[in-house]
Every structure is written in structure tokens, then in C-alpha cells.
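There are two complexes below, and they share chain A, which is joined by chain B in the first and by chain C in the second.
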Partner chain A sequence: MGVTCVSQVPVAEGKSVQQTVEMLNRKLEQLGAVKQGNFCVDCETYHAGAIGNPGQPPKFLYVMHNSEAPLSCFALFENGPCLVADPNFDVLMIKLKSYFQNAKSNKVESRGARYQYCDFLVKVGTATMASSARGITVEVEYCPCVTANDCWNLLMEFMQSFLPSHVPGVPSVFGVKTDGVYSPSDTMAQYLELFSKLRKQQAATGSGMR
Partner chain B sequence: MEAPPVTAMPVTGGSIHMMEYLLQGSVLDQALESLLHRLRGLCDNMEPESFVDHEMVFLLKGQQGSPFILRARHSLDRPAVPWHLRYLGQPEVGDKSRHALVRNCVDVSASHSLHDFLLEMGFRMDHEFVAKGHIFRKGALKVVVFKLFRILLPGNTENTEPLSLSYLVELSVLAPAGQDTVSDDMRNFAEQLKPLVHLDKIDPKRLM
Partner chain C sequence: MSGGPMVQISIESACEKQVQEVALDGTETYVQPLSMSQNLAKLAQLIDFGQGSASEDEGGEGEARGQEWGKQEQEEDEATVKFQPSLWPWDSVRNNLRSALTEMCVLYDVLSVVKEKKYMTLDPVSQDSTVGKTPPVLQLLGKKKSLATAAQLLLKGAEKLNKSVAENQENRRQRDFNSELLRLRSQWKLRKISDKILGDLSYRSAGSNSLQGRFFPHQGTFEVIKNTDIDLDKKIPEDYCPLDVQIPSDLEGSAYIKVSIQKQAPDIGDLGTINLFRRQLKPKSGTQPWHLKLEAAQNVLLCKEIFAQLSREAVQIKSQIPHIVVKNQIISQPFPGLQLSISLCHSTGDKKNQKSTPDKNKPDDHLYVLEHNLHQLMREFHKQTLSSVVMPHPASAPFGNKRMRLAGPMAYDKAEITSLQQSEGLLEKIIKQAKHIFLRSRTARTIDSLASRIEDPQIQAHWSNINDVYESSVKVLITSQGYEQICKSIQLQLTIGVEQIRVVHRDGRVITLSHQEQELQDFLLSQMSQHQVHAVQQLAKVMGWHVLSFSNHVGLGSVESIGNASAITVASSNGEYSRNGPESGCKVMVQFPRNQCKDLLKSDVIQDNKWNYLRWPHKEVHWSKMEGRNFVYKMELLMAALTPCP
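After this line comes the complex of A and B, so read on.
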């Protein structure tokens, strides 16, 4: 997987989530991007309830899936280690259900179209939680490069061409990389950060209008 | 670049009900070569693989009585290969005439951050060991002949000493639940290894 930037795009003034997503998709098509199927990134929350550590705050374990890596399962702790495993990890979480409870109502997923533009992959998704749209996610990947700091400027320039006013800053994961090589778990960490923000927000509104 | 298929990945019956069928035995060091020779003849025609693995057994203590056990294993001679996480359930108490030990088994391949991740989840390492040996296959049957080594200093896999003067032999098959013909095939194979090694169903509870 190439260096990827995941960011949230605010809903356009006076428009709904769906309309804003359609606007972005049209802009990408005008640029010359070609739609290639759909994508889905989801995140489930597990609550470490019955672990005998009374002094500590409860831990949340996030189990995520990315359609771009269909045979993988990602498990993360916020600001903690990330595990990349095969889909049987979901089966293991079922076995662990008396230690880690699945907070089903906290499941967030982002679905949308997947566009390819030369060496870039752009995915514009609607993030939903409990079937209500909470926001818009945009994932931009520059496939040929795996060194985060080498292509940030190029990524930013490309994002400016279709997200003129909402170009995000450097993702925090770029800063903590010891060897500078980008990996799919960094993308999942970015999605987790975004989903956590969305969970805390109220349902998505564009200046008060649904 | 074709998009990978977007499917909801429901956890269906298949992988949650995989069972491990197991027979175990042992041979003294002196008898190893003849056993390997016999296995080379009986098993699939491929170069028998040797391995050096480091296994750590982790426990998660909850409010229930018995802790949850997970086994994390990684290769010491092929460091780039993913780690292997294994959950083994309680042996099925069923048909006494069934020839092998049967227990639920969940196998997960994982990245190299597994050790730190398990600690973050709340698991604590109970014990660890190094296993060195050979692996053979015959169709779905897997035969592993290995020696266990005790690790003298925690975390130091260079400094080990053998646990015994023998090799452990394990014959196992991973199959979906309900396939009882598997244990018959295993028994037939085990017969061919007699008298070099006697493979039996060993009840782990009897050893506690």
C-alpha cells in the first residue's frame, strides 16, 4: 500500500451529506478519474470489561476491516500497538466475548466509490454509525511511494485540485514513524482517529440543515 | 487496478468450528533417526522441513475461574514469517471409542507486534519454550517430531537446555467438526509407526 492520507471533509453549506459526496465524485470524474468499484472500511469497538485491573480506566479495543485488504483484520488500541491478522481474529474475538464485549451500537463504517486517477487512488465515503450518516471521509493514496515524508507535498497538491478549501494537515502517523516506511496499519490508525472524532460529534449537519 | 470485492464478512460456521484431532507419543533420542527414516518413507514426497520455533503461552485472568489461554508462536530460523496465534478449547468429552483427542481450535496468523498487543490486551506470559524438530505431511495429516528446550533467561532464546532426552511426536489433523472418519485415518497411520513409536490419545487433564 502506498502513502495514504485520510481526512474528513465538512458537509457543504446548505447541502446534505449525500449531495456533498456526489459533488466530490463529480469533481473527481471531471478531473479524469475512473470509478473502479466500491470500498468499505469498518470499525467495531470492544470494551475490556471483565479484566481484573480495578485501578485502570477501561480499555477499548478496535477491530477494523478494509476492503482493500480483504483477507486481513486490523486490531488497534488508541495510541497503542496495532495488530494485523487474518480474518480468523474475528472468530477469536467471539471466543473472548466474556472478556471483551462488542459495543455493537458503536460500529462505524465508511462506504463509497473508489476512484483511480493515474497513480492515485481516491475513496470518498459516507461514514455512518447506527445507520445515521455522521460525516464524509476522503482517502487519497499515492501508490508508488511508501516513504511518507517523500511524497507529502505531491499528495497535498493533488488534494488541492479537488478539495480546494479543505486540504488537511500532515497526518500525525507520519511523524511517529521510526523507519519512515508506510504500512496499511497507518491507514487504519488514521481512520480510527477520524471515526473517534465522528463518534463524539453530533449527527452530521451542514449549517444546521439535514 | 481492480477493486477488491466488497462483501460483508460474516463469521460463518466454517472457521469457528475447526477441530484439532491429536495423537501424541515420544521416542528417545537414540531412536530418532529410525523414526525420521520411516516417516520419510510413509509421508508425502517432499523434503522434510526442519524448524526452530519459540512459543509463548499467555493467560488472561478474568472473573471466571479458569483463565483464557492463548499460544503465540514464531519461527526463530525464518524470522520474516508471520507469528501464529492459537486458541485450543477443552477436549471434547464424547465417544470413548474415538481414537484421537478432539478440541476446538482457532488459528490466526498475525504480525510481529503480536507480543506487545497481547500484553496490551491484558494477557500475561505464563511460560515459554523453544521447539526444534521436523515436520512431515501426509495429505491432511501432519506429523511433527520435536524436542522441547527450556529457556533459562526470560526472553533469551539463545540460552536453552533440553527438557528431556527424548523427542515428542505429534500427529494432528485440522478438520471441521463432525468428521469422525478423521480419527480412523489417524489410527491407521499410527499403526504403521509401531513399534518405533506408540501414538496415543493423551488426556491433558490427567497430567495436571
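After this line comes the complex of A and C, so read on.
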């Protein structure tokens, strides 16, 4: 398990999401990365708490899966604790239907190719919500290191080599760490942040279009 | 008698003395027993001397005595008025005493007659011999009759005893079957179905009947029968057992698995043969025959099951050289020229030595470590199938490795998950072990042959004691005798794996050699030659010579077949050179300055005297004629000879 940085790449001017993804993939292959299959990260939203409680903002529980950890299931609140569990957790959520309502329309997932370049793992994916592409996610992982702050510079430099003039800032999770050790739940928190942004963007553009 | 806690019985004498009084502090005051006189007085008081004797005889006697006494009394009455016969209490006592006295006197007289024989003797009464004599026939008949009655009595008694003994034995035999059954049940699994008793000798409870065991569904049941074909009248044989077991027909006899590694090419040695699970069951005294039978049958079942698993794997796994499964033998070739064969030897019945080779394996042939490892593998194989379903485990956990349950909560990625799951089969492990053992023994043989062949730089091999089944390591040192301290530069650490040998040099180079024997040999030879030159370098330091040039791989001179030649040039303090390059022989050349060469033509070309100090061409040293045990020694002598005296 290494240190991961998840960021969103804006769609290139005049090109569609797919074309931009193709471009990125080609760049990575030129760099010398080897394609090693596909990846998928998805996120489901659950309303926590009974709806018949006015005046209280609804709390959302997000259940995410990552193909990188195929036997795990992540459950997290925004800015809150994250639980790493067995796949049985999904079944548990179904059993807790009465308390956690699944908002099926809010499911977001990101799929794409997985590249390996020496010690780096790069995943370029298309984020889709209700089968409409919303954005491009890029996840870069530096496998040997587990201390987040130590390898941020290296990660940034690597990202600069193939991302077109857009390098993200330090992820917020890096700053929160007390002992500096990175864990898979941090990756999911980063993805969650990105997906939330995408949803808000959609809401904004949707309302704007009207 | 048998068992039972000991019960303590305490005995207390009855209180002989009556308690008269118990004081306040608990002391008891006993009534003092009566003394002798007191006792006598008490008893005497009970006697009623006034009453006459109650019985008739005594009455008569008493009367007679009374009359007698009366006469005497009348006589004495005149003398004494005091005594009255009815009031005399000691009358009977006195009479008894008087009669006792009479008896005593008679006895005394008789004894004196017998002893002294003075005036009287004793004469026996003559017996009539004819009276009471019976004829011998009658006597015989009488004796016979008496003996007959006695005999009859004895016979009756004996018959009773016999009957009771026979009953006992019958009971015991009956109980014997039950006690044997109990003993059987304590060691083997039994269950009763209708009126038959069936047992199970398979390894199902040890885990063999799971996914793997699906393909080998041998029931392994045996039947227990009562052995009643015994004649009570005949003598019971020594090894009679009331219980007999009937095992399935294909498990009869005994079986073992033979693993052998054989050579096919002449250069490598035959590594040997191991027999697994071959037990010569020596029946200990007290072991029941059914026990031996069942154990043998179980062994056969185990061997068959293992062989089935191995052959299944042999067919399934893909390798470069496919494995051959022929009837009850699996042949595979780990290395070209090496053959590993695993065969199941099952001998049924009492056929002796059908084709079994005698057990006279040479001790070198026996691969103890491989045997131990194979045994462990087999046991692990069973344990692995068992532990997957062993309790306790959470109801929601998947079957499989216990560590896999952590994969979810710890968010393991694919690499970690695959490392957890065992993917190697039994046959693969055996082949890997065989390969490693073969490689290790061949490496050892190579080093040893080199060491015995070449004396000049010596090879020392230090094998490490703690090895893995797939990895061993050895440290090889190349030194010259007598100069170990200064020539320490060639030290190699060899790690022997399954298929390759990795060499780590002292100067940091890492070289990977394949399993070819020749590669290792060439490499070691080249290292030895380099060692010579390194030794000269160190020697020069010690002797005070300067090293002018040193090259591990020179490009000049004849081309070597193995490795490269190395050369070194050293100079003494006043200018004498020495250059040598070993490998296909050592060549040492010495170069003197011009003015020291004797066979020099004087010529007029030389104008200045300084030109006389230039070096003259090299002259080769007759190395074989040099004195010295080894190369370094010879070099030392040469350098010492050429060093100028101050």
C-alpha cells in the first residue's frame, strides 16, 4: 500500500471526455507505462437516519468499493470516520434498509485503465453518474512509501510529466494525518471528495441550464 | 482389596472401670477395682454355705459324706461341740481335697512301682492273638471300600470344581469379547448398524474428505466379527482372540511409497531412494492381531490417497517437461538427465519378496532430509484440508485460509491476497525439493573435486548449518597455504536455490549461475587464477615493492578458454620488474636494468651512462625449478632475492 493522490483533470478544450482520456492513456504509454488491466471505484449513497425528522440536515453514508482491494468495502461519512469491512457489509446495508435508504440515483463510479510504471501505479478513469460521463479522475500511487508528506514532491514531479499543465495541490487528507502513515481509507476519502464535487457541479450546471 | 479408599477403623477398649464421678474440669474418677482379697470376699459372700448340694448324685454323696462326716462328727462332737455338720461350709471342699489326695497317693505309688521295681512290677495283660484278627481278604475289601468312599467324595468335589471352572472360563470368554471390543473402540471408530458392527479406518476425521478427497471416496469401513469357531475341548491357541476384523479386499496387505531420484547421465551421481510410510510392524507382546491388521490397512489407504493426489496434480499442472503417470508410478524430470520417480508399492497377502529390492541401501543413498520433508509435506497436506473447516470460525467467514478473513478489513490488494493463498500443489513442492537437493549435492561435488584436484590456491567451503528446504548457502574461500592473512581477497558467498546458484563476490559483484555444473567449475577456476594475482599485489605491499599496473582482465597474450587472464607488474625499489600472468599457467618475467645483464654486447651507441639504467627485455623465470611450496611462496622468494640489499 502506497501513497495515493487522486485528482480531477479538466476536459481538454474542444474535446470530449473520452478523447481526453485517450490522450492521457497514450501519453502514459509513451512514457513507458505498462497497462495492467482495468480498475473501478464506485460510490453509493445512503440516507442515514429516518427522514421524518425535520430541521435536521440529512446525513449521508457513502459505501464505496475499490477494485484495488477486491475483498473490501469502505463505508464513510463526509469528513468523518471511515470503516473498512468485508463484502458482507453490503448485505448488511440491505438488511438495514429501514434505517439506511439507498439513494440509487446518486451512484457514481469511475472506470478506466490501470497502468504500472516502475514504482508508480496510475489509473485514469472516467467518472460517470447515471451513465453519463461527468469528469476524468486520475489516481497516482507511489507504492514503496507509506509516509504521505515524504513523497509528495516526488508525486508532484511525476504528475507534472504527463498531466497537461495542471497539477493538483496537496490533498487535504495529507494534512490531517497525525502519524503521517497513509492508509487505503484516505484514498477513498479523496475519491469521495472528488465525487461530491462532481455532483455539485452537475447540480450547478443542471440548475444553470434551466 | 482393589481400589477403594482405606477406611480407618478405630478400636477402643471398652471401659473396664466404671466411672464414679466426673469432675468439673472433665477428669473422670474411676471406681477402683477390687483387690484380690476383696474380690474373694465378695464371691464368698455369694456362696450360700448353709444350703446343701442341689443335685441327686451330690445329694447322695453329700448324704454319704454327711453320714460319714456325721460319724466322725459324732466322734468329734464329743471332742468339740462347736462343729455342726449342717453348718460346716467347707465340707465339699474338704472331701474333694481328700479324694485328690487319695488319687495323688495312688499315682505316687504307681510311679514308684514303675520306677523302682523293688517290691512290685508292672506286667502287661497278655492279649489273645486270635481274638479280633480278621482274614486279609476281608481287610483288603474293607480298605477298598473305605478308599472307594473317600475317592467318591473327592471325585464329587472335583467335578463340582471342574464345572465351576468351566463356567468361569465360558464367562470369561464371553467377557473377553466385550473387553476386546471395548479396547477396539478406544482406538478405532465403531458404530453399530442393525446387528453388525462397522468401523471406519479412513482419514476422514483428519481432513482428507474435503475438496481433494472428493476424488478418492474410499469408505474405509471394516467389520467386526466374533470369533466363535473355537473348540472348548481343544487347547486354546496362544494368539487366540475372540474378535476378528474383516477389512475391504483392496486394502489388504501392506503398501508404501517409494521416492527415488536417479541419474540418467554419467556425470551426476544417483541420489538415492527413500521409502515412505514403510513400517515393519513388529507385533509387540500384547498387541492384538486386529490392531496390526487395521493399522496396515490404514497405511495402505493413506498411501493410495496420497498417490491419487499426486497423480492428479501430475496430470493437471503444466511444466516444461510433462510428467508421466504410468499405472502406479509418476515419473518426472526436474532437470535434464535427472529422473524423479514416485511409485506406490503395494504387496498383498503373504507373498514375500516379489520384486522388492532388499533393504540394503547404502547410508549415502538415504536422503534423510528429503524423507523428513516429505513426511512433513504429507502431514501438512492433511492438516491444510482440515484446518479450513475447523471450528471455531465466524459464521460469516469464507472457507479457506484464516488470514484471508483479514483481507477485507485490512484492504489487502491483489498482490497480498495472492501471497496468502497457497497455490503450490504437493507434487510441485516435492519436485522443488528434489531439484534443490540435487543442485546442492552437485555443487558440493564440484567444489570438492576442484579442491582435491588443484593444490596451489586452496579452496575452502564452509556450509551453513541452517538451511531452508529450497535454499542452502555456502561460503567459499580461496587462499594460499601459509599466506591466509594477506591474501583474503577472494571470498564468495554462494546461495543455492531451486534452479540457480547466486554468487556474491567480496567486491560486491552478484553473479547468477545456472544449474550447469560446468559454469560453476569455470567460474571457480577463473577466481582461483585471479587470486594468484591478487596475492602478488598484497605481497608486494608487504615486501615493499610498488605495484605499477594491475589488471584483472588483460587483453594481451593468448586467449584463455575460461575467463580472462590477469596480470600484475611490480617494481622493486631499485628498479627490477616482475610481471606475471597466471591462468593457463603462471608466467613470471623479470626485467633487469641494462647494466646488470651480463650477456650484453658492448656497443658504442650508448653515449651517456644513464642509458645503462634502462630496462632490458624480459626474461622468463623457470617457474617449475623455483623453490617453494606454492605460487605465493615462490613469488616471495623471488622478490626477496631481487630486493637490493641496502
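Note that the second predicted complex is superposed on the first by the 195 of 210 C-alpha atoms of A that agree within 3 Å, B and C clash if a C-alpha of one lies under 4 Å from a C-alpha of the other, contacts with A are read in each partner's own complex, and residues count from 1 in each chain.
By definition in this document, a residue touches a chain if its C-beta (ideal position, glycine included) is under 8 Å from a C-beta of that chain, and two chains touch if they have at least 3 such contacts.
In this text the structure is predicted, and so the values were computed from the model without any measurement.
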Touched partner set for A:E68, first chain B, second chain C, both or neither: both
First (chain B), second (chain C), both or neither touched by A:V167: neither
First, second, both or neither for A:A48, with chain B first and chain C second: first
Chain A residues touched by each partner, larger count belonging to chain B or chain C: B
Touching partner for A:M156 - first (chain B), second (chain C), both, neither: neither
Which of chain B and chain C A:L31 touches, first, second, both or neither: neither
Touching partner for A:A12 - first (chain B), second (chain C), both, neither: neither
Which of chain B and chain C A:V84 touches, first, second, both or neither: both
Touched partner set for A:M1, first chain B, second chain C, both or neither: second
Contact residues of chain A, present in both the chain B and the chain C interface: 68-70, 84-88, 185
Complex contacts: residues of chain B adjacent to chain A: 1-7, 9, 11, 15-16, 60-64, 68, 85, 87, 106-111, 113-114, 116-117, 120-122
Residues of chain A touching chain B in the complex: 36-40, 48, 50-53, 59, 61, 65, 67-70, 75, 77, 80-92, 94-96, 98-100, 111, 114, 116, 121, 143, 185
Touch list for chain C against partner chain A, complex: 396, 404-405, 407-414, 417
Touch list for chain A against partner chain C, complex: 1, 66, 68-74, 84-88, 183-185
